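Below is the structure I would like to discuss, written out as structure tokens.
Order of writing sets the chain letters: A, B, C, D, E and F. Residues in each chain are counted from 1.
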Amino acid sequence: MRPRRALYIGRFQPFHLGHLQVCQTIAQDFELLVGIGSAQESHTLDNPFTAGERHLMIERSLDAAGLEDYFIIPLPDVGRNALWVSHVASLVPPFQLFFSNNALPRRLFQEAGYEVRGAPFFERDRFSGTRIRGLMQGGKGWQECVPGEVVQVVEEVRGVERMHDLAQHDEDA
Amino acid sequence: MRPRRALYIGRFQPFHLGHLQVCQTIAQDFELLVGIGSAQESHTLDNPFTAGERHLMIERSLDAAGLEDYFIIPLPDVGRNALWVSHVASLVPPFQLFFSNNALPRRLFQEAGYEVRGAPFFERDRFSGTRIRGLMQGGKGWQECVPGEVVQVVEEVRGVERMHDLAQHDEDA
Amino acid sequence: MRPRRALYIGRFQPFHLGHLQVCQTIAQDFELLVGIGSAQESHTLDNPFTAGERHLMIERSLDAAGLEDYFIIPLPDVGRNALWVSHVASLVPPFQLFFSNNALPRRLFQEAGYEVRGAPFFERDRFSGTRIRGLMQGGKGWQECVPGEVVQVVEEVRGVERMHDLAQHDEDA
Amino acid sequence: MRPRRALYIGRFQPFHLGHLQVCQTIAQDFELLVGIGSAQESHTLDNPFTAGERHLMIERSLDAAGLEDYFIIPLPDVGRNALWVSHVASLVPPFQLFFSNNALPRRLFQEAGYEVRGAPFFERDRFSGTRIRGLMQGGKGWQECVPGEVVQVVEEVRGVERMHDLAQHDEDA
Amino acid sequence: MRPRRALYIGRFQPFHLGHLQVCQTIAQDFELLVGIGSAQESHTLDNPFTAGERHLMIERSLDAAGLEDYFIIPLPDVGRNALWVSHVASLVPPFQLFFSNNALPRRLFQEAGYEVRGAPFFERDRFSGTRIRGLMQGGKGWQECVPGEVVQVVEEVRGVERMHDLAQHDEDA
Amino acid sequence: MRPRRALYIGRFQPFHLGHLQVCQTIAQDFELLVGIGSAQESHTLDNPFTAGERHLMIERSLDAAGLEDYFIIPLPDVGRNALWVSHVASLVPPFQLFFSNNALPRRLFQEAGYEVRGAPFFERDRFSGTRIRGLMQGGKGWQECVPGEVVQVVEEVRGVERMHDLAQHDEDA
């Protein structure tokens, strides 16, 4: 009998060791679907990486961690909360559970009748996207917060240089 | 001879006694069109209710107040101020007057050649959407600010529970 | 106890006596929701009237026919079949049944778990939107296919003149 | 005293001698605004050239013809007829007349209260976009239908090669 | 040294043995990226399956065929040919080659400087999406044109019943 | 031999003497393309003027300054950074250089392989859009920061009155 499928959505800017741990925990009991949220965003300080770059980070990290039978799906924002669940459900294979710690998606999937669980996070203070992006702007200390495969992808796409450029002060001339 | 038609637009998150009073005052002299602004929004703390839920609040409240010959029209945002008046005019029956206290829609309808009047509001401090949504998050005190029919709709859709869930703190994991 | 609500969607280009009959039949047993489909369309030979003009046709016709307790809601297309039911459900008050004779919306509402019934149409050959729009282009014979209130609205917005103008032959210069 | 401004809209796929003649005629009496319609389209057999390529064709041709004081404005489609006039009016400088031979834009600008005139076309059979695009696919005969500056632009962007490629038969594999 | 990555895009309505053969051939020499085109489409006779359902068909078929190290990415249409390549490039991991037999995407990727090759198709008459969808409407003969995993997915989502329902004749009432 | 073309993008809310200086400097060495950024915005305190009004300001100012052989192109936002360069490139004639002092567009054009240079600005404190819009709200002092032709356009469209109206305090009733 096939295991049930569980969806876990994040923005993964970047994919870090906390995310990896969640994926590993879910994959012990379920077939894992990883949704890349805000897939249309890139090249900002809050969302530096494209969906394709994030896809590469996740696939390589999950492979290196020995996971099999997972799916990775970019999920562009749809701009209307009332359509979000249908939008996601049309883009990913059928699933039975939804994992998230964020209030809005939890509520939306609950109203749609899905079983919702909290993501089993460890060391949230250390493995926070905001904190890691801050470290990346400074250029150091971020490498130990992400899988080695992510370090490799960031270097291939020259991600730290990109964040440095985007952080330059703009004036409204 | 048919009376002239007047359009009154609000977000109605939720529809409260101040809104009802405006509707009653306008309906004394005009055929009333009620436009539900930002119809595409829902499930946020500032815009908790869907357009359909707001439609139900307004229709039941106006019926209970004895109004007849009114129209209720959901109006999604169009995202470009220069198109707003044409967008509204295509979605609602022809009208001659526009009632609003908000600077931007007043200006846009004025530039388009409509007669614009201020909405005849009473007790604005008490009947404020921001204040009432704050009370709803706390769970009490909001019921006396809205028509009884709105209390009923909020309970039917479990609106206070929804706002409570949406208010949970999110972390950027 | 409140009656159950039933949704009936059409494009109503224009609202004709066949539509009226469906509305009357549904309203005998249910609280009626009338959805104006393809609300964003206007000024073409297939979709000559704006959503606001169609709203006016329907409201006046239902009032003249003695119906009460109905809702009329413009429904812009959303461009993705997988989101259609959520889109509609967010714009109209909660409903339990869906009436339609069209294959696509029937299937979509069925997959979403709604009870779907066929619209109780009479004289479909005579009361067909395509046929009536054809008659309107010719300028005669259409009046006996629509309620008197629709004749009035078409005249107020000079609808036959509009269709005549739109039918002029274009060349790709 | 400044002359009145007149707007003339076409798709200009490509800009040909018939278009040039219209521009010259209008510019004798008015300050000319040239709107590039369906600006978002490119790389199809009906719309082979980008808005930027068409802009270049028109600007060079009008300069070579000795015109001054004209404006060229790309106009993306807005997808809703009821918003078209407001959309155009927000993107181009204020104007008083609208020139077109096409039924839909004529009607839309008339309903919005603009003065509308027919474009003064000569030799419409010969100077037809459809016919000229057909000649371009064949690779010859099109050069004498367009200004010399357009021949130059088409060659710079390798437009005939592009049309040849796009005309290859596709199969739905 | 990592192999080069190659992108192969189709609509995969449904994924059939011809597609599988292309994937196997490309995967011999490259790391394979499979793009699901027109990902936003579903529930029509030409595009019956959602992106999520197609994703499941492909992933299971490639796994069963023993492929590893592939990526599957849903690609919604962007509606502007001039943006297509950038849109795709932002959603998929970096790639060096593009495989397609369709004229438009071939041309667009060529203009953007990519190396483009034809997809190595066998038995195109038999393995055609149009033909297989026709067989599915009839209900038989399609099973031998697709991998066994696709038969399984179509049955799980009751795809043949869906196509049967969508094929009912609609009338414009 | 034709000079190379250079693109300079700003929002030009309004076009001021600092912008004019940049245009004059670029035009000494290149054929100048002026892109009107955020073309879809208008009627807000940060973006008071429509693209058409800004087009008129720029065209008249450049003409009065004796420039020839320039192009002015409205550029609506596209909402996705990864598509921005392709979007711009499809709307403007082919160009070789990009001038900007803003971090995000500089980075995006650099990643796309364009040569990027800083805009040669003088007196940035005095000629700042934010500062000049503040002066316009107050109603005086702004005239000496913009070309005389801009003063004229602002008066024609009653721009100061518009900004005054938009600055009225709104309450969320």
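Note that in this section a contact is a pair of C-beta atoms (placed from the backbone, for glycine too) under 8 Å apart; a residue touches a chain by one contact, two chains touch by 3 or more.
The model shown is predicted, which means the values in this text are computed figures rather than measured ones.
Enquirer: Among the other chains, which touch chain C and chain F together?
Expert: Output, common partners of chain C and chain F: A, B, D, E.
Enquirer: Any chance you could check whether D-E or A-C wins on number of contacting C-beta pairs?
Expert: D-E
Enquirer: I need the pair from A-E, A-C or C-E whose contacts repeat those of C-D. Over half of the residue-number contact pairs should coincide.
Expert: C-E
Enquirer: Quick one: chain B and chain F, Cα centre-to-centre, how many Å?
Expert: Inter-chain centre distance comes to 37 Å.
Enquirer: Once you find the CA centre of chain E and the CA centre of chain F, what distance in Å lies between them?
Expert: Using C-alpha averages as centres, the distance is 43 Å.
Enquirer: Take the average of all CA coordinates in chain D, do the same for chain F, and state the distance between these two points in whole angstrom.
Expert: Each chain reduced to its C-alpha mean, chain D and chain F end up 25 Å apart.
Enquirer: What residues in chain D touch two or more of the other chains?
Expert: Correct list: 42, 50, 80, 82, 89-90.
Enquirer: Can you list every touching chain pair?
Expert: Pairs of chains that touch one another: A-B, A-C, A-E, A-F, B-C, B-D, B-F, C-D, C-E, D-E, D-F, E-F.
Enquirer: Give every residue of chain B touching chain D within the complex, in rising order.
Expert: 78, 80, 82-83, 85-87, 89-90
Enquirer: In their shared complex, at which residues does chain E touch chain C?
Expert: Listed in rising order, the residues of chain E that touch chain C are 40-44, 50, 162, 165-173.
Enquirer: In their shared complex, at which residues does chain E touch chain A?
Expert: 39, 42, 50-53, 55-56, 59, 63, 69, 71-74, 76, 89-94, 156-157
Enquirer: Which of the residues in chain D come into contact with chain C in the complex?
Expert: It comes out as residues 10-11, 18-19, 79-82, 101-104, 106-108, 110-111, 119, 121, 124, 127-130.
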